[in-house]
Structures are given as C-alpha cells and as structure tokens.
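You will see two complexes here that share chain A, one where it goes with chain B and one where it goes with chain C.
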Partner chain A sequence: MRTKRLRLVMSAVLVGALAAGCSSGGQEETPQETGPVELTFWTWAPNMDKIAAVWNAAHPDIKVTVSKQAGGDEAAAKFLTAAKAGNAPDLVQAEYQMLPSFVAAEAVADIKGEVEAVRGQFSDGIWNLVTLGTDGVYGLPQDSGPMMFYYRTDLFTKYGITVPKTWDEYAAAARTVHAKDKTVYLGGFSSKDPGWFAGLAQQAGGQWWSITGEAWKVGINDGPTKKVADFWGGLAKDGVVDTQAPWTPEWNAALNGGKILSWASAVWAPGVLTSNAPDGKGKWAIAPLPQWSAGENYSGFWGGSSIAIAEGSKHKKAAAQFASWLNTDAKALDLLIKEAAIYPAAKSGQALMTTAPEYFANQADFWQQATTIAGTARGFTFGPNVNVAYSAYKDAFDKALQNKSSFTDALGAMHDATVADMKKSGFTLAS
Partner chain B sequence: MTTTKGVRRPLGLAPTAVLLLGALYCLLPVCWVLAASTKTRGELFTTNAFAPGTGLFSNIADLSAYRDGIFWQWMANTALYAGVGALLSTAVSVLAGYALAKFRFFGRDAIFTVLIGGILVPAVVLAVPQYLLLAKAGLANTYWAVLLPSILHPYSIYLARIYAAAAIPDALLEAGRIDGAGEHRLLRVVAVPLMLPGMVTIFLFQFVAIWNNFLLPFIMLADDERFPLTVGLYTLLATGANQPALYNLVITGALLSIIPLIALFLTMQRYWRTDLSGGSVKS
Partner chain C sequence: MTKAHRGARAHRAGATPYLYLTPAVVLFTLFIAAPIGYTAYLSLRQVKFSGLGLGRKSRTEIFVGLDNYRTAVADGEFWAGWLRVLGYATMVLALMLGLALLFALLLDSARVRLARFSRIAIFLPYAVPGVVATLLWGFLYLPSLSPIHATLRAFGVEGVDLLSPSTVMFSMVNVAIWGGTGFNMLVLYTQLRAIPRDYYEAARIDGAGELAIALRVKVPILAPALVLTTVFSIIATIQVFTEPMTLRPISNAVSSTWSPLMKVYRDAFVTGDLYSAAATSLVIAAISVVPSLLFMRLVRRQAFGEER
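Let's turn to the complex of A and B:
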C-alpha cells in the first residue's frame, strides 16, 4: 500500500513537472508578456482560495485569484452570460451536466493537448463526462459522485431485512418494511432530484444523449431508463416507498428519526447525513447499489464537477497547468480533500482517503468500499440542455406522483420536452 | 355620524381581523428567522420551528469567522451600494421630478410618458442588457456596475413629480422670483425643504430596493470581495451538490442583514409621519 501510494505521488509530481515544462515553453512563445500571468478562477468549493495560495507560493509566474461563486444552475447561467460579454474568468468550475451547454455555446476551450499527460489519472467513466464522447477534452474532472446504497444497520436488523443485492430484492424489502410499520419506508423516490434519477439511469445502462458526427441523439426514454422509471412507478403506486420531497425539514426529520431506512445516494452523502440526521451517527453503513441482474456490478454518478477553461482566456496553457496541478498533484489533492471536503475524481486522490468520515466511525473501510464502488460507476454523455430536461423531470414526475399516473408517460413527457427544446434551439438531431 | 355604536362594532371587527391576519402573515416569517437564528446546526431541523435554540452567539462567531470575516465586507459593500445609490437616486429623482412638475418646456409630456413606461419594465428584465452594456464600457465587476443602474429609477421620479406638484405651491415660487431669487436658489431654499418628506420616502424606497437587490449584483459582480449581502449569503446556500448548505449561517446572516434596515426605518420614521400628515392638512 505504502509503496503504491509513493509511486502514485511520484507520478503526480512527474506529471506536474511535465506540465510545468510545457507551459514555460508556451510562455516563451509570447515574449511580449511581462510579469506573472494572472488567472481568475470561479468556483464554489470551500476554501479554494487557500489551495490557490499554496499554488501561488510555489509558482510566482502564474498567479491564480479565486472568486467564490454560488453553485448550481445559476452559476452556469452567470458564466454563459459573462462569456458572451467577453468577461469570463480563465477557469471555471462546471458541473458535469452543465459542461455540454458550455461547449455548445463555445464558451469553454478544448484542452486535449494540454491535459493529455494526466489522462491516466482518471477512470474511463469519469473521463467520458469531460469528453462528451467526442475527441475533445473540455475540462478536468475535479470531484465525482459515484452512487452507493446507504442504510441503517440497526433498523435493518429490527425489521428483519438484509441488504438488497438486486432491485427486485429492494422492492420485496420495501414491501416487508412498510407492511410491518405503515410510517416507515425502506427508501424514497424523489421527483425533485433529476440528478439522482440520471445516476440510476446510468447504472441501468441508459444513454440519454449521444453525439454522432454533428448530430445529437436523445434517448431519455430508452429501454434501461424505462426500466428504472417503471420500477419506481410500481413502488410509488403501491405506496411502499416514500415520495415526499427530500431536503425539506420533514424529510430531514424522517431521516433523523429512523422513518427512512436507506438512501440510494452518492459518495458525498456523509456530509448531508452529518448535518441533517445527526442522531444516526454510527448507525449507517454503505453497500453497493442494488443491481438490475444478479452478478452485475454497476453504479452511476450523482453530482460532481470539472474545471474548464474559458475559450476567451488569454492564458489557456497556464490555466491548464493550474487545473492539472489542482486535480492530480498529490499535495493539491490532499488539500482538496481536507480543505474543500470533496471526493476527488483522480484515482490517486481517492487512494488518499483513508480515515472513514466521523459519522461512519463504525465502518472503518468506508473509503476502500467507496473507491471500489467508484470504479464500477458508469457515466453517460450529458446533452446541451440538461437544465430543460431536469426541469421537465421535476414537472412530469411531480404530476405523476400527484395523479398516481404512469411513470412511463412521465418519462415520455420528459423526453419530448427535451427533444422539442433542442429542435427549437437549432441543434441537429439524428433521427 | 348617524350610525350608532352598536351597529358600528360588528362592521369594525372585520377589517381589524383582516389587518391582524395580514400582520401575522408578515410577522411570522420574521419570528421564524429570529428563532431559527438562535439554533445550532443540529437543532435547526430537529426542534420546534419557533422554539429558541442555544446557538445564537456561536452562529454569529462562525459567521464572522467564515472566510476571514468576509460577511462584514459584504455588509459594508451593501451599505455602500444602498447608501450611495439611494442618495444619488434621490438627488436625480428630486431634480427631475421638480423640473417635470414646475416647468413647462418642449417635450415635457413625452419625457414623462416615457418615464411612466419605464415603471412598467421590471428591473429584472434589464439586468442582463445592462450587464452587456457595462461590460462593453469596461465597468462590469466594479462598484459602479451596481451603483450606476440603481441611480435612475423611473418610479422615484414619478413620485417626486407628484410630490413636487402637491407640496410646492406655484404662488410661492412666483413670490420668490418676484423677490429676485434665481432658479438655483429657489430650488435650494424653497423646493428642497418642502420636498424633504417626499425625499425621505424616495430615499427609503431606493435604499430598501438596493439593499434587497439580488439579480443585478449577481450578474454584474464576479469578485466575491465586492458582493453585497444578498449575493454573498447565496453563495453559502448554493454550495454545490456535494456540500451541505450552511443553513444556520445563512439564517443568522439574514437576521443581521435586516437589523440596519429596521434601524433606518425607526430613525427615519418621524420624517415619514410628516409626509403622511402633510397630505392631510392640504386644502
């Protein structure tokens, strides 16, 4: 373990040196440049300014100024507006599902040439999220959200159920639990978290978007995704899963009070559980997500973001150098974990996570398990109008829950709304 | 007054009840913020919504410590945007309103019509075009980016015009002119003192509007050192999908951010009262 880690650190250092070599070459090409290169960086990760300070101390020729922004959809809108006005920052944090809209607006640069050297640091599933399945590379993965199954060990024993290996077992356990106590649910279906549903669709093998040549293909209602929608639709119809909106005080109370026994969530869930369900400390554990067929081993991604470089940046090479350092250098990864509290996308960063979160003190191998699960996560290509698809998801599934109508139809409505919007925006669609 | 006491009472109860309901509707959220800001992270979602918690001072300390006290920088920024912006806006509005009310000149009605049209356009719609304009001028991401769009406020000009027309008798201006006062002196000595209550109203309106404005600074400013409170607190709330939102700090921050507004209203109240009574004694 130790030597392996050392080797990883060494390779990271080498990569850093290589990148430094590249960019100092780039500097020479523009001799009119005087003084240090100034880079601006929009991010919402906490304490990123402290991490940039470490870089700045070691690299007097490239000064990075961090500007902390609000995360979420609005951050993407703000970046696109700034890019349109020619005011974009050099570096920007971009959620994976937002990256395609940046690419479509030609707001971020293809940095394939600059980051080739660090390609090996990332798993194929994650790398696919920044290439969009094309030959280009539009960002460097920073953090990722492989999905796993969080469950209450004590209450699983109490209700006499075991950790479900397949979704069929999950459905059976959900019925068992709810039959024993009408106020208790095994888990919930969320019509408010399209990212959650997208992660489950990824696990099932769904491909919502794909690019062939210049044309987009939309497959939101493809077979695997339909299977996922039908599965939850059946459970919701029978009332054996919780369908209240998550992230509300009521949901927090249910989670905290042991009324919800499990949560198919992502690797960042410990932070949520710590703050929203403090009483469950030491009672939760993780396992891989239930599978669609026994013997399979897949997961999906919920959340995570990359660092992209603006097309308008005057210092793309220097920016790529910083982004490479931030996301692959051992020291930077260590800082990202400790200061920014993220689950790094780089394999070497994941290896640095050794001490289980305090909340999971009962599961000493938390991160080892998480890393194993992360290796099984398959992503998919996001499209250029994920925001439209996501709000269509919320509308359609909210309605389906309210009217107790078919989830298949809701998925169809989501698909149609997404396709209609792409047509309206002038994207070429493959038939 | 021919109605007797007995008839008036049941009639009088209904409006009171409606007003009480309205007051409750407005005050409940404030009470909630008051109670919630005293709760620690653990207490926030687990205890009764209106029961006080134990963490007010630790919340304030945490908020002050957050990123080396950037909260207070946001507070100072907001005070600057709202204070300077409202002052400039009041000055422009009073000058424009006075001129529109008391001078006849070519195109006066056209200007006023355009201004009325301006009231109908919500500021939200203008934020992005204003950003693109100011970016062209190289002023995006500066203090000016938030101050300049706040200065011209059609509704305030409209208010100033109405107020000037009602509060400044033409006869008074005529008398001043006959006595040989120049237009500037008339403005300074006659118009402004008479319009003072109206100016306070406009100032308070604009101050509150700028203090609470979110979209304009959100789009205009990239550098978090220049953020006002609204945008700054939002960065605590929207921390990305992977981080728990800092609810307790945001709520405490929201409470602290309304204290200056309350203080301002309490101190400016007497001017406002003059304003209201001023209308009632006019013949």
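Let's turn to the complex of A and C:
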C-alpha cells in the first residue's frame, strides 16, 4: 500500500514536471505594448551595459537589461536550451553561422516588418547573412569579420621575404622561412578554428550550403574548398606551417616572440594581438589575403554576429527598435566602436573608423585598408547544422594533423558527417 | 517481518511515517526521479524537419521508439571511447589506489616524521578543482614554457610531446592521480587510525616487523575501506570528462568523443541533439552500474563478511 501511494505521488510529480517541460513555447505575443517595457539582452560584446545605459536614458519607455554571456558554441547551445524551456531573452547576439540553426529551431523571430527602414544601411552580402536567402529577416547585422593578412614587417625583412600576393607565393615563403630557422614559421594551420577555414573557403569561392528550390545543397567538399584543404595539407605534411593548437599560452608565446611571422585573420585581430602578443606593438601591418590567382581580389569572413529577437519575446516591436538603434544610429555605432571594440556591419559605422588601433600606430591608414579589403569579402549561405559541420571539422582535421593524412579525406569526412546529420533530421537535400 | 505485520504497524502510526519521509521523497523526486524520467522521455523522441527547415511549422518533435538507442549503440566512436576510458580507468585505479594505500601505511607507521605536514601536502591537490588542476598541468605539458620540458632538455631528452596521441592519456592519468590520491589516502588513513593499537602490540610480541604488521594486520582490516575507495574511483573514472575536455583545446589528439560522456556533451550542447544525448547518457548509466555491481559482488564476502 505504501509503495503504491508512493508510486502514485511520484508519477504525479513526474507527469507534472514533464508537462512543465513540454508546455514551453507557444506563448502568444501581446498585440499592443503599453507602459515601460523591460527587455533582456544576451551578448558577449564588452561594455554593452554602458551602451544600453545610453539607450535607457533616452528611452524611459523601453528599458534594456544586458546579461553578459560567454561566446562560442556554448552561447548558442545556451540560447537554444533557454528558448526550448520558454525563458529566452528578448534579444540575443547570434553569430551569423548559428542563425540558421536558431531559425530552424524556431527560436528567433522574423522581424522583416520591423526593420525594413534600416535595410539600406547594410551591404547586400551582409544582409544575405540575416535573411538566409529567404523572404524573412531574422536579425540585424552588428559586426562583420572580413579576413586580411597580418604580418611582422621587421621579420619579413629579416628573413628576406615580401608580402605574398598569391597563395603560391605564400607556400614558397613558408618554405624559405622554415628552411632558414627550424623554430620559425610563416603562419599556421588551425584545426581548432572551423570559422577560419570557412573564411578561406569563402575567399576561394566555396559554397558550403546553398538553396535550390525547396532543397539544401551541401558543397563542403566542392572544388574551391578542396583546393584550400589540399594547399594547407601539403604545407602541414612538409612541416613548413605551424600546426599546434592556437589560443594557448604556447601559441601566444610564439606569436609574441616572433616565431610566427604572419596570421591570416580577421578585422578583429588587433584586439587579440594587443593582449596576446604585446611585444609586437608597432611591428605588425596588414595587407589583403594572398589570392588564388594573380590579379584576383577576394576575401572571406571569419566571425561576425547579428542581433536577433527571440520568438518567445513578448515585446518584439520594442526589441526591434532597440536593435535598429544599436546597429544603425550614429551615436550607438560610435559607442560600439569605442566601448565594445566592434567593427560595425553598418556602412555608416565603417566610415566612423578613423584612428588606427593603437597597436597599429605605425599604419595610419589601417581602417582605410580594412574597409577596402572588407569590400572584397564574399560570404556564403550557412546551413541549418553549422554546429555539426564545425564540430566534425575539428575532429577530422585534428586527426589528419596527427596522422599526417590527407586533408582531402578530412574534408570528405566533414562533408559526410554534415550530410548524414541533415538526412537524419529530415531536411530535403538536392541530389 | 511479514507484509501484513508491517502494514498493521503503519496503520497504527497514521500519517506520521509518511510525514517523516516527505523531505526525502520530495527531494528524490525533484532532483533525481523527475530528471531521469524526463531524460528517458526525451530519449524516445527526435526532431524532424521538412523541406529547408526554415519556414514556420517545418519542425516537429516525433516519437521514434528506440531509434536513438540503436544509433547510440551502433556508433563505433562510442565504443572506442569506452576502450580509451577502460585503459585510463585501469591505470588510474591501480596507480592511484596503490599510492593512496602506500602513503596511508607509511603515515601510519611508527617511524614516520613530519606526518601532519605530509598528510596535508598529499591531500591538498584534492582541494584544487579538476578544471583548474587540468589547466595547470596542461600548461606544464606545453613545451616552450614548461619546467618539465626544461628538465628533460637538461638531461638531453629532446622533442618529447606530452600531448600527442600516444602520450596524452598518460598525461591525463597523471592529473587524475595527482588530484585523487590525497582523498583516498585520507579515507584509508582514517580507517587505520581507528584500529586498536593492541593488535600491533600483539603482532610485535609474536615477532612481526613493521612490514609484516602492515601487510598481514593492517591491509586485511582495511579491506572495507579499500572496497569503498575502489567503487568510488571506478565510478569517477568511468565518468572522466573534465581532464580530456580541458586538454582538448590545447591538444590535437583529443577528439570530441574521447570519452563517452564527452560524446553526450557534444550531442547535447554542441550539435544540439538533446534526444540522442539523452539516449546515450542512459546507456552510459546502465554500463557504469555494471562494473561497480560486479566488483561489489566479487568482494562482498571478503570485505563485509556477509554470508550470501
């Protein structure tokens, strides 16, 4: 009898818990908004609370509260979990590549109607990243990460190399440098940064995902990307590029101590160099990425994020107002640049970048150069399971580096894992 | 005690026994039964998309029966992960418990000096959180800044990579031993201190030296404590997660599915497939129970003197 009753109680509680777990989502949006509106905003940009304070002072009817998050894969997972549990924030910073999975999970709202007015502030390439090539608009672009070539001017002279114009020249320079000093590398291949590799694939003209009609087409192992993988595979096999995991104290020491002479990175690199390689101040310069064919002029994107509005938000209109202000208003853009060290996606924001970063005091035209390079960057459509592809990248290329095996095979493994996951989830795939 | 008898007693006591039980039952339900139940529920479901998956109503959560379990069990990486954990656990168990026993016996022996200091020094690493410990050791494993590598170089040993596929497991075992020995030693040592000193005196009169006392008096009496520490250690090593997860960013040799729990983490929080993660974690729970139970069964008689 006792056990029976206990079982009854336990199952009642269990059912209750399950019901609570399942009854998330589906909250109705309140049609009209009256009185002061409270918005929460998840972001990992530094000092965003100060920028929100400026907005709050000018808009007593809409109060934005910033909740600082850690970036990376976990940030996306945390948001998706919160959305599933029905307690997502109103506004969320979303990396461009994560946006499709947010849309697929119905975690972010289509805000086309609310942000039509600021459409003209963004270039087509960037705007495409928040529409995903559909009729909807799922966020407002905040910053972008056009890639460029960072190099040590003094050490390039010391080792007798010039800034490589093509990737062939890059390979030759890598061999020259490493032949002169076994402890020194021209640059590195990172199996930990799928976003970096994606940027290089974009530069080469790869299209990892595309939409044909009502079906996805996956092209992770397409010709241009294969070319990129083979190129780095060859250099890694010969041991003439650094293949250690970046973002470690070891890597910082190499970067700081002049053991790594260049870095194909993005516009946000000055922040990294300032903190991780302080001794290099005034010795680094930027140039466009090496090209695949002489005379071409392309770049890709590494990183960058948008501000999206949660599907579960009760104040979508107010949230869209704030997001528009944050990413297009002159004052807000100025704050983004100064306080959050962001390279804004809005055209008017890029014009505000005048003083070169302190670290690049030797290169007065840093931002002019960066803006020119940004204009040559081409992106691609991100698919609904970038997280799976990126996770597969790390595993496959880690393994290829360890076994000194073919990068083409690693790319194939990444492609297959991505396709298999999409099939399993039921997405329609173009044959 | 028969069923009827017990029922009668419960009847006489009225609701009081249930009242006493309430806190335990509520806590158990809220924090153990409900999450396990929800996990089991999730493990039977899966999200399916239609078309591009971008429009409204293109996402549905469906019941898939045991599909997630089938996928979990059919994944070769999952079993490769178990194999790695088996190797890891064997090394950790043998070395860590061996060292813990050795230290406990040494500290308990009559001739030891600086016992209190040594005890604290050996125990202290246990107070360092696993992530911090692994980060500390991880930085020591990186070549250019590390005193380990500097020492090796001083002895003419060059090019040792402590984070390569063939060495990274030993590097992890080292962290686990460093962190875990102190705790286990303390459990054993406490037990040793509880042994009446007369036993030793009796043994000495019989002509036993320190070594014989340790091996033939202390170790047998320690058996229950050894069983306890072994079971705890088996459970802890099977669930190895912190060490490989923390070393992963600095090594190319630790995959995202290095240990079974890492696979659960990847599925749930990186690729966003909570359903597969739920199924895999239940499989892991089932597998983890087996070695602990087997071990308990094996040693029950010797350790606890039970007859069954």
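Here is the rule we go by: the second predicted complex is superposed on the first by the 396 of 431 C-alpha atoms of A that agree within 3 Å, B and C clash if a C-alpha of one lies under 4 Å from a C-alpha of the other, contacts with A are read in each partner's own complex, and residues count from 1 in each chain.
Quick note on the criterion: a residue touches a chain if its C-beta (ideal position, glycine included) is under 8 Å from a C-beta of that chain, and two chains touch if they have at least 3 such contacts.
The shown structure was predicted, so the numbers you read here are calculated from the model rather than taken from an experiment.
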{"item": "Which superposed partner A:W42 touches (first chain B, second chain C, both, neither)", "value": "first"}
{"item": "Which of chain B and chain C A:A117 touches, first, second, both or neither", "value": "neither"}
{"item": "Contacts of A:A287 with chain B and chain C, given as first, second, both or neither", "value": "neither"}
{"item": "Contacts of A:L401 with chain B and chain C, given as first, second, both or neither", "value": "second"}
{"item": "Chain B versus chain C as contact partner of A:D143, first or second or both or neither", "value": "first"}
{"item": "Touched partner set for A:Q69, first chain B, second chain C, both or neither", "value": "first"}
{"item": "First (chain B), second (chain C), both or neither touched by A:A245", "value": "second"}
{"item": "Touched partner set for A:A253, first chain B, second chain C, both or neither", "value": "both"}
{"item": "Contacts of A:V388 with chain B and chain C, given as first, second, both or neither", "value": "second"}
{"item": "Doubly contacted residues of chain A, that is, touched by chain B and again by chain C", "value": "74, 84, 249, 253"}
{"item": "Residues on chain B engaged by chain A in the complex (per definition of touch)", "value": "41-42, 45-46, 49, 67, 128, 131-132, 135-136, 140-141, 218-219, 222-224, 231, 234-235, 237-244"}
{"item": "Touching residues on chain A, where the partner in the complex is chain B", "value": "40, 42, 44-46, 49, 67-72, 74-75, 78, 81-82, 84-87, 89, 93, 95, 143, 145, 195, 249, 252-253, 256, 266, 268, 271-272, 274-276, 278-279, 302-305, 341-343"}
{"item": "Chain C-facing residues of chain A, complex", "value": "1-2, 5-6, 9-10, 13-14, 17-18, 21, 73-74, 76-77, 80, 84, 100-101, 103-106, 132, 134, 136, 191-192, 211, 214-216, 243-245, 247-250, 253-254, 384-385, 387-388, 391, 394-395, 398-399, 401-402, 421, 425-428"}
{"item": "Residues of chain C touching chain A in the complex", "value": "7, 10, 18, 25, 29-30, 33-34, 37-38, 41, 47-56, 58-59, 139, 142-145, 164-165, 249-257, 266, 268-272, 274"}
